[in-house]
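Presented sequentially are two complexes of chain A, the first with chain B as partner and the second with chain C.
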Partner chain A sequence: MTETAPVKTRKKMGKKASDRLWFWLFLMPALIPFLLMVITPFGMGIYYSFTNWTGGLNPTEWVGIENYRGLLTDYRFVYSFLTTGIYAALNVLFINAVAFGLALLVTRKLKLTNLYRASFFIPNLIGGLIIGYLWRFIYTLVLTRGLNLFDSSPLIGDNALIALIVVVTWQYAGYIMMIYIAALQNVPEDLIEASRIDGANAWQRLRNITLPLIAQAFTVSLFLTLVTAFKQFDTVYSLTQGGPPQLSPPWLMNLVGMTNARTVESTELVANVIYNRAFSFNQFAEGQAMAVTFFVILAIFSIGQVYFNKKREVEL
Partner chain B sequence: MKKLFALGMMLTTALVLVACGGGEDAPLIIYQNKVEIDDVLKEYAAAWGEANGYEVEVRTCGGDTCGYANQIISEFNAAQQPDIFVFEGLGQYLTYQNKIMALDGEDWVDETAVEFVYEGSVYGFPINLEGWGLAYNADLLEEADVDPSTLTSLAGYEAAFATLDDQADALGLDGVVSMAAGSGLTWVTGLHNFNGYLSSGLEYSDRSVTVDLLNGISDTARLEALADWAELLFDYADPEVLLEGSYDDQVNAFKLGRTAFIHQGNWIDPNLIADGGLDFEVGYAPHASGLGDVDSIFVGAPSYYGINPDGGNTEAAKQFLNDMVFDDAGHEYMVNEANFVPAFNTVSLVPSSPLSAVVYEYAQAGNISAWWQNDMPPGFGMEQLGPIYTLFANGTYTKAEFVEALSQEIATLAE
Partner chain C sequence: MAQLKSFFRKFSWLELLALGLMIAFLYPFLIVVLNASKTNIAITDNPIALPTDWLLFFRNVGNIVNDPNLNYFQALFNSVIITTFSLALIGISAAMAAWVLVRTKTRLSMTLFLFFVSGLVIPFQIVMLPIVELSRIIQQTVGIAWKDTHYAVIFAYMGFGAPLSVFLFHGFIKSIPIDIEEAAIIDGCSKPEVFFRVVFPILKPIFVTLLVLNGLWIWNDFLLPLIMIGTGGDTKTIPLAVANFAGAYVIQWNLLLTALVLSAIPVIILFLFAQKYIIKGMTSGAIK
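And then the complex of A and B:
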């Protein structure tokens, strides 16, 4: 805020000090909850991952990197990382392809454009848990038993991960579509028109004009889809419960130094493993160590992705 | 104007801080996990509180929407901790050990056989009795000319299942047994079915197989008997329920007469009585998972009330539990309101719901085998053993591999 007219003279030191006071006063209501509810638990979480913490029920002792060392040979955790990696890669690809396609479609001058936009967006308004239950019904009762498209529900077969990705794409593509729509509408008409006069065809216009100009939207969308894919929890929880189980592949057992095959869950993602470790097995400290490891890896991935995408953006 | 602003900001700040603190008045808090008895327990607790001059607050967290086991941890970290709360067997006892006080010498201890004891001291008040065997539809069995009294050995079951399967079309059956082994229902297999390995054919207090298991030692003969039993159940299972069904699908298949048996306990009674109830008689036959003939179903206290020494109302909590056992109002609440099979000798009321009545009969006759499944470490049954059952049910494992995988998993407990 700027004061245009000179106000009554104030005591000299008062002005700056009171500005500062106001600054902190206004910041307090946001800062205190942030410190209490984000920073503090985050710090405590890192601390607990170095202890044998059991949820505050038993005395807590420092165990150093014990919990982290165990992770390297934890076949379920290692496998869930791989699953999450595949899931995230496919998910980012599917969601962005579908969302961008839909965005191109609804920015044409079609009839009922607004209706299309709204209906593509609506799945995003339904909670992930509900979506999971809904699609369990669709896969098992409608597609499998009703229409006989599958012999048995895709949720218990080898392609359960793909089934999950389809559901999440259905849920999230509408949201990402909105980001692309906003970007597409900002591409100046005159540039398109100029290129048309120069004889560029539709593909050339998309490739050389539209895409570079909406690179910012790609940065945002890829970031959002990548991060949400890594953090996926609720839809898995209600759709497949992490299942179906399968035999652990030999290379995995080699990797963690075990000889016999064990059971691993085909759609169990890192967030689900962390939750289970803490709340089903009551191994809170190990779960916390997994969460910290996961945070570090996710941070590296997303920062790398944003850095890479930023380089491709152009300014008008 | 500015002062008003400043005041507003300070108020907001203060509010945020206050919201994180706690109140002062401490009612007796009961924290429990049975959604179905929430109403009647609240009613009973309020009446008891009025009569004894306490304020009682019942909080319920359970079912599909509230994870009791993780919510209770945050309750212990809250300003007002629960006074009475629920724990299930040894695994959870060890987790909450510091929050459960010894209850030796309480009057109710002499009136029950199934209180929770650890290293010689009493810690848990048995909330009720529950039990499971293989529940059957007596009308369908009669129609197919199968005598339930022959269901005491694997051979008896094989014959009965084959007879029913032959007449499946005439009887309108989708499968003989409503059995579930898919993801999300691993408690049916990894806990309830597997308990046969731990207790079938043993004395009620015989914990030897469980102790061995906790030390990583498995009994191959018993595992093979269990595998034979599981194989038989899977072979004759309703295919739509076995791997892709939900709990509701499983119960409904039995309730609607599409299967003759169901692998579930008397907790399905509320589902069976709902919507017009059952039009057939039911009974329980023992699980044929033991080495010889079997005559017992698995009956035990599924959960216990523990008293939290840090709750601040321990005396009131003790009185609350005693009164439930010794007052008629308590009996009325347990048997007729909450539909429990009572765990106390002082109660003479007989449960009225179909499977509970059968469990009560078995308990009265003393034909019961123990529950040791909750003595396994947290997560072991559902997360480690359950998936092995799933792979056996979907044909990935042969019977020999199934036994091998179970014993391999048990061996990890030695570490």
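And then the complex of A and C:
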């Protein structure tokens, strides 16, 4: 007895140590790239936004909140920030309305349902960059010279932002539609049938039975479309390159405390303005301060929206 | 004939609406394919006319395959290498991490799991500028090439893919009863054997979901390769090559449209074969 007890403990200790070893060995292949490629640059980015970093090897100095204070009077950033807000709001609205409409349509008893679903979904398989070039062709040549729907390309007029939203809706609606389809198929058939017998019309059935039961799909879809809208970069890069340039509106100049009108880019979204600021103007620290601001707002929106929707679901 | 008649009679107005919408959704693709078989002059002259000579498509293909700015086959090769290696490595590393995080019930493992998940709210935009500097630091301190290499991009995708992948594997592994693993240990399996022989095969459904989600993301991604490779790089992927080509000249529509067709073809072919998995993977990934 006295002989075996220490051996047992040692064995147990050995097992514990080996468990700990395996724990870290199994964790490392995912943890190391995550730490090095995501967390490290994230930390660096926050630090750089408080310095006069120029992206080169020049030593950087701490400048405090100088870059952030500069953003408030940076008319191009403020304009793109507001543009992104409008773009995101309209995008969420358009995509979800189209996607939900399509989902209602293809969950009816149609002959070629699967073909319709696949067709609506296909644009989503192709990357935003390719989609942007594709639609540049559609707007500049097909819809103008080919079909005579417009006199000049919508991409160079006042409605460039709407033109962009149409493209992104076309690309993304089929994906969101799939989420709504999955939810609609989970609505019990007999519940709908029962309400039909009780004399509810199509609108009442949708409003009082279907919608409350698929509330979670709305949460997911609104969140997904909002976040992807905020992060938009590729399609702008290839479709409009941020343009067309236009004269800044007077209210914008009042907002940033300037008197003379300047040029602003009408479809330049936050991601694009960050990229351009760094790589075209070499203002890395200013660009990074924008990125941090963008991150904070995105995080607040994401958390706030999920919280709000979760609360509403419970009430229903 | 009677069958055909009844088929058409049953075509409701909803069916017509769906059919019309389908044509509207597919029209952009159709018009691009048509114009990929024309000369540049014919396109600007009348972009909605049918091509006079369909074989012109192959001449356009020949032109862009040999174009030094596009270099289609090189770009295809780079995209395939980066996507396959990233997918395999993200899948295995995230599954391994998620497994030990589920099966080790300590405060540390819970914290590490939340640490991974918190990565979900980090947008690429906030790290893209520091990554430029980080690449330079890695290159100088470790002394290996970093910018414009396959492995650096794959390594970055492992990092950015980890949060969602660990999260999804974690949720799935929690639902697997531990008894099977305990039985394997009694039978004398070591830890790695338990994971690779017993657990990993069970993960197949969620693994497929992640292949779809990560695959489409990496294949179509533009911003990360733009930062880590650049449009002029040797390892440029298909989106980079197309951007490089489009930026090089005043747009030659016939060649650009052919390039668009060639870059869309691989994914569309894959979709036709694996439609069921792709749709299931994308929707279930979103809902979780």
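Definition applied: the second predicted complex is superposed on the first by the 287 of 316 C-alpha atoms of A that agree within 3 Å, B and C clash if a C-alpha of one lies under 4 Å from a C-alpha of the other, contacts with A are read in each partner's own complex, and residues count from 1 in each chain.
Going forward, a contact is a pair of C-beta atoms (placed from the backbone, for glycine too) under 8 Å apart; a residue touches a chain by one contact, two chains touch by 3 or more.
Here the structure is a predicted model, which is why all the values come from computation and not from measurement.
Q: Chain A superposed: clash or fit between chain B and chain C?
A: clash
Q: Determine, under the contact definition given at the top, whether A:S280 touches first (chain B), second (chain C), both, or neither.
A: first
Q: Look at A:T263 in the shared chain and tell me whether it touches chain B only, chain C only, both, or neither; answer first, second, both or neither.
A: Only chain B; A:T263 stays clear of chain C.
Q: If you stack the two complexes on chain A, which partner ends up touching A:E66: first (chain B), second (chain C), both, or neither?
A: neither
Q: Tell me the contact category for A:D74 with respect to chain B and chain C: first, second, both or neither.
A: It touches nothing on chain B or chain C.
Q: Decide which partner touches more residues of chain A, taking chain B and chain C as the two options.
A: C
Q: On the A-aligned overlay, A:S152 touches which partner chain: chain B = first, chain C = second, or both, or neither?
A: A:S152 sits against chain B, while chain C stays out of touch.
Q: Which partner does A:F26 contact after superposing on A: first (chain B), second (chain C), both, neither?
A: both
Q: Is A:Y48 touching anything from chain B or chain C once the two structures are fitted on A? First, second, both or neither.
A: In the superposition, A:Y48 contacts chain C only.
Q: Which segment, 78-86, 186-194 or 204-212, is the chain C region that clashes with chain B in the superposed model?
A: 186-194
Q: With the touch criterion stated at the top, can you tell me which chain A residues are shared between the chain B interface and the chain C interface?
A: Residues 26, 29, 33, 36, 55, 57, 145, 278 of chain A touch both chain B and chain C.
Q: Within their complex, state which residues of chain C touch chain A.
A: Contact set of chain C toward chain A: 7, 10-12, 14-15, 17-19, 21-22, 25-26, 28-29, 31-32, 35, 43-44, 46-48, 89, 92-94, 96-97, 99-101, 104, 109, 112, 116, 119, 121-134, 136, 155-156, 158-160, 162-163, 165-166, 191-192, 195, 216, 219-223, 239, 242-243, 246, 253, 256-257, 260, 263-264, 267-268, 271, 275, 278-279, 282-284, 286-287.
Q: So in the complex, which bits of chain A are touching chain C?
A: Touching chain C: residues 18-19, 22-23, 26-27, 29-31, 33-42, 44-45, 48, 53, 55, 57, 102, 105-106, 108, 110-112, 115-130, 133-135, 137-138, 141-142, 145-147, 170, 174-175, 178-179, 181-182, 216-217, 220, 224, 230-231, 233-234, 237-238, 270-271, 274-275, 278, 284, 287-288, 291-292, 294-295, 298-299, 302-303 of chain A.
Q: Inside the complex, what are the residues of chain A that reach chain B?
A: 25-26, 28-29, 32-33, 36, 54-58, 136, 140, 144-145, 152-153, 155-156, 240-247, 260, 262-263, 265, 276, 278-282
Q: Can you list the chain B residues touching chain A in their complex?
A: Checking each residue of chain B against chain A gives 6, 9-10, 12-13, 16-17, 20, 67, 69-70, 73, 76-77, 91, 95-99, 182-184, 240, 243-244, 246, 377-379, 382-384, 387-388, 390-391, 394, 396, 405, 408-409.
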